[in-house]
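One structure, pasted below without further comment.
Each chain carries a letter (A, B and C) given by its place in the written order, and its residues are counted from 1.
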Amino acid sequence: MTAARGYRVIQSTTAHRVAAVVGLVLLGSLASLPSWGDAGTMRLLIEFFTLLALAQMWNLLAGYAGLVSIGQQAFIGLGAYGLYLFADLLDLHPLAAVVMTAAGVGLIALATSFFVFRLEGGYFAVGTWVIAEVFRLIVAGNRSLGAGTGVSLRSLAQFGAQGRIALTYWLALAVGFGAVFVGALIMRSRLGLSLRGIRDSEVAAGSLGVDVFRAKVAVYLIAAVGCAIAGSVTYMNLLRIQPNAAFGVEWTARIIFIVVIGGLGSIEGPIIGTLVFLGLRELLADYGSAYLVVLGSVAILTVLFAPRGLWGLLTARWPISLFGVRHRLVARTMTGVEEPIPPVSTESTR
Amino acid sequence: MEWLNAVVQGVLLGGLYALLATGLSLVFGVMRLVNLAQGDLSILAAYLALAIVQATGINPFLAIPIVVPVMMIAGYGLQRLALNRTVEQGPLPSLLLTFGLAVIIQNVLLDVFTADSRGLDAGPIENASIHLTDEISIGVLSLLTLLVAVAVLGGLSWMLANTQLGRALRATSDDHGAARIVGIDNRHLYGVATAIALGTVAIAGIFLGIRTTFGPSDGPTQLISAFEAVIIGGLGSLWGTLAGGIVLGVAQALGNQISPTFQLLAGHLVFLAILLFRPRGLFARVGARQS
Amino acid sequence: MAFLEVDRVSSFYDDFQALFDLSLNVEAGETVAIIGANGAGKSTLLGVVAGLLPNRAGSVRFDGQLIDRLSTHARAKLGISLVPEGRRVFPSLSVRENLLLGAYRKRPGPWDLAAVFDLFPMLRERADRSGAVLSGGEQQAVAIGRALMANPRLLLLDEVSLGLAPVIVNQLYAGLPAIAATGTTILLVEQNIEQALVAARSVYCLLEGRISLAGRASELSRDAIVAAYFGI
């Protein structure tokens, strides 16, 4: 390597900037869909973007903060019922209802954090599930929220059938792209750096001054709010809210499969995972519960043999990334040319 | 008086929870691994017993000596073939793997046995009861469950305290690197721990099946109950787990007295209260740690 | 052919090379000491012999058998017992239980609970104390006793004197002749040069992953040792 005249730390390469532009163009064309696409396609995309948002949130928790939650359905359900509460019962505009729900869930998550953070590792995971069950049981026992039979969202009827789908679709786009954007933003920030340190070694990170606990709680709150918003949008599409479905652990099953198969610990992974998940579902639609068995088996095999998921397999061959979240060192040589310094791989000798 | 009866029922129910929780506790102690498929494995045992009973017509209790060894062998295999790869890698891989396993078990059971509720018929013992007073009676089956739980816990405790295997399990739980130095083959020992866990879980599942009806998706509820019993009782103590199971059982029974739909929620609320005010559990062993 | 043959072994911690083409021999029944400054590679060498660390090049032969591929517990079965750095007594077990566990892979031989208590009488009094509440010297005695309970053919001692008062260290080293007398081969690692020279017949000095001096303890001069130790 030729002697360097100076060094710079960058986060985005040209490739990343190109990817960002492509993303914006994609967003623009997708946003125009309601004027030329059919309701079926929009529904599928709503599902795609809300699942993607949920997956990104779970990935933030597990892939970056090392917190495995099997109870995010608590916040999905709260998002659904919050929407019902603010839009149907209190007559707010659906957008205002979503905002209010998000705020409310933030506060609730702050309260639940006091409980779950007394646990660690696998016990933390089951603790999050208990929290979800508590909410499920409370709602299922509450007459004004429809008890066990559930409720139907009626306040969206004011927009007409097409208007409702379009509104939900745009919200889904916002939620999906937003989750990816927020995820990338966090990872580029100091919080992201702290999280990566925590993921590698909590003790080491703490000794460097990282407030490990606050970082984890921050991610927990962000993920809770993100899941709640995604939950609200999901049920704007589904319209019928039942406690067992809204607070069901099946949500966690879907999210986990998406992230594990797509790739934990990267922002690109959940995108691939959501595509694979929905693709597999279409493919195996006629086989009932065999579909879930296949999903479970693929997840197990992925955990055992390809721990970084499909994206990990891809990047092992071709080291690409779509989002500039890592810090890279660039050296300016004597001739003024900038040379990237490849990162030292810590996995080479294991 | 009904309340006293409820407490008694709760104590007896605690035995069942303790049986479920023991497996969870042992596996976590030795390997720092939480098996999310634990509950589904107990339901699987109940279905295996059902299949045997349907094929041969024997009493479900007699199916226990058949199902338990099968489950123990399955547990050893599961640990050595799949879970051992995840043991020293932090909590994430084992949680993901056992979660996947739970989903697979639930859906295979659904496919094979349909979603219908099933029960294991053990004959008149299911309704027999001992009347202590006019208002307090003890179900013979419930009492038997508690006694079996105490016997299993007692046996396990004795084994851990007095045998070379027990010492090896405790040592591996302390320091698996130093355990290797002494000549302990960790991979084999982890397999043994899971085998024991699945054995106790199988007994619990069969008793559960006799006591009440069960379906393919009942696993998660059992997992949560087991987990709550462990946390309430405190990590690192088998008898603490029994106490935790009893506290949970009593909480649920009292909740049931208030309203049948309140039963589960009552248990969760007591669990959360303990988590908030005595996070180490009621009987935590000094030195026991979560990670 | 020596009892323990370490032949041109190189060992790495990821990209950092700790041992460079290192060779040494230990004869059956001998007591050999490895001395050297911190970071010289002494514990690494012991780790390679015990199977805790892999060697990327070279080979290790024990009683003629190639043992590179064997795991730590398999080597324990063959008769290689390690007293690890830091003692690593099991805190959940009592002194007696720690010792009994040492016999997990026991071979026939003179060492049993009574013999170990004879060697280290203070352990007999503390037999039922938990491993967690022992002093450093007591823990070291337990660690040595635990290794002896397997009746090893090769006893590996890693930094016995670390963190202990000289009086205690003397007491522990006073037990070595009794161990050697039963025919056990001993390979010990020590920062304390005095103790090493008294206890061992042959001495190797390590410097930055290589052998800088080798010879009989009685024949090496003070100056030679100092030079080899510090690389002057």
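Note that a residue touches a chain if its C-beta (ideal position, glycine included) is under 8 Å from a C-beta of that chain, and two chains touch if they have at least 3 such contacts.
Every value quoted in this text rests on a predicted model; they were computed, and no experiment measured them.
**Student:** Compute per-chain Cα centres, compare each with the mean of all protein Cα atoms, and return the closest chain.
**Tutor:** The most central chain, going by mean C-alpha position, is B.
**Student:** If you take the mean of the Cα atoms for each chain, which one ends up farthest from chain B?
**Tutor:** Between chain B and the rest, the longest centre separation is with C.
**Student:** Tell me, please, which two chains come out on top when C-beta pairs in contact are counted per chain pair.
**Tutor:** Here the largest contact count links A-B.
**Student:** Just give me the whole-number Å value for how far the CA centre of chain A lies from that of chain B.
**Tutor:** Centre separation, chain A to chain B: 33 Å.
**Student:** Distance from the CA centroid of chain B to that of chain C, rounded to the nearest Å?
**Tutor:** That gives a centre separation of 43 Å.
**Student:** From the mean C-alpha coordinate of chain A to that of chain C, what's the distance rounded to whole Å?
**Tutor:** Roughly 52 Å separates the two chain centres.
**Student:** What residues in chain B touch two or more of the other chains?
**Tutor:** none
**Student:** Looking at the complex, which residues from chain B come into contact with chain C?
**Tutor:** Of all residues in chain B, those touching chain C are 164, 167-168, 170-171, 173-175, 177-178, 180-186, 287.
**Student:** Mind pulling up the chain B residues that touch chain A in the complex?
**Tutor:** 28, 32-34, 36, 82, 85-86, 90-97, 99-104, 106-108, 110-111, 220, 223-224, 227-228, 231, 261-262, 264-265, 268-269, 271-272, 275-276, 279, 290-291
**Student:** Inside the complex, what are the residues of chain A that reach chain B?
**Tutor:** 62, 66, 68, 70, 114-115, 118-123, 125-127, 129-130, 133-134, 137-138, 140-141, 249, 252-253, 256-257, 260, 264, 288-290, 292-293, 295-297, 299-300, 303-304, 307
**Student:** Touching residues of chain C toward chain B in the complex: what are they?
**Tutor:** Touch residues, chain C against chain B: 50, 52, 71-73, 76-77, 81-82, 84, 88, 90-93, 97, 100-105, 132, 146, 150.
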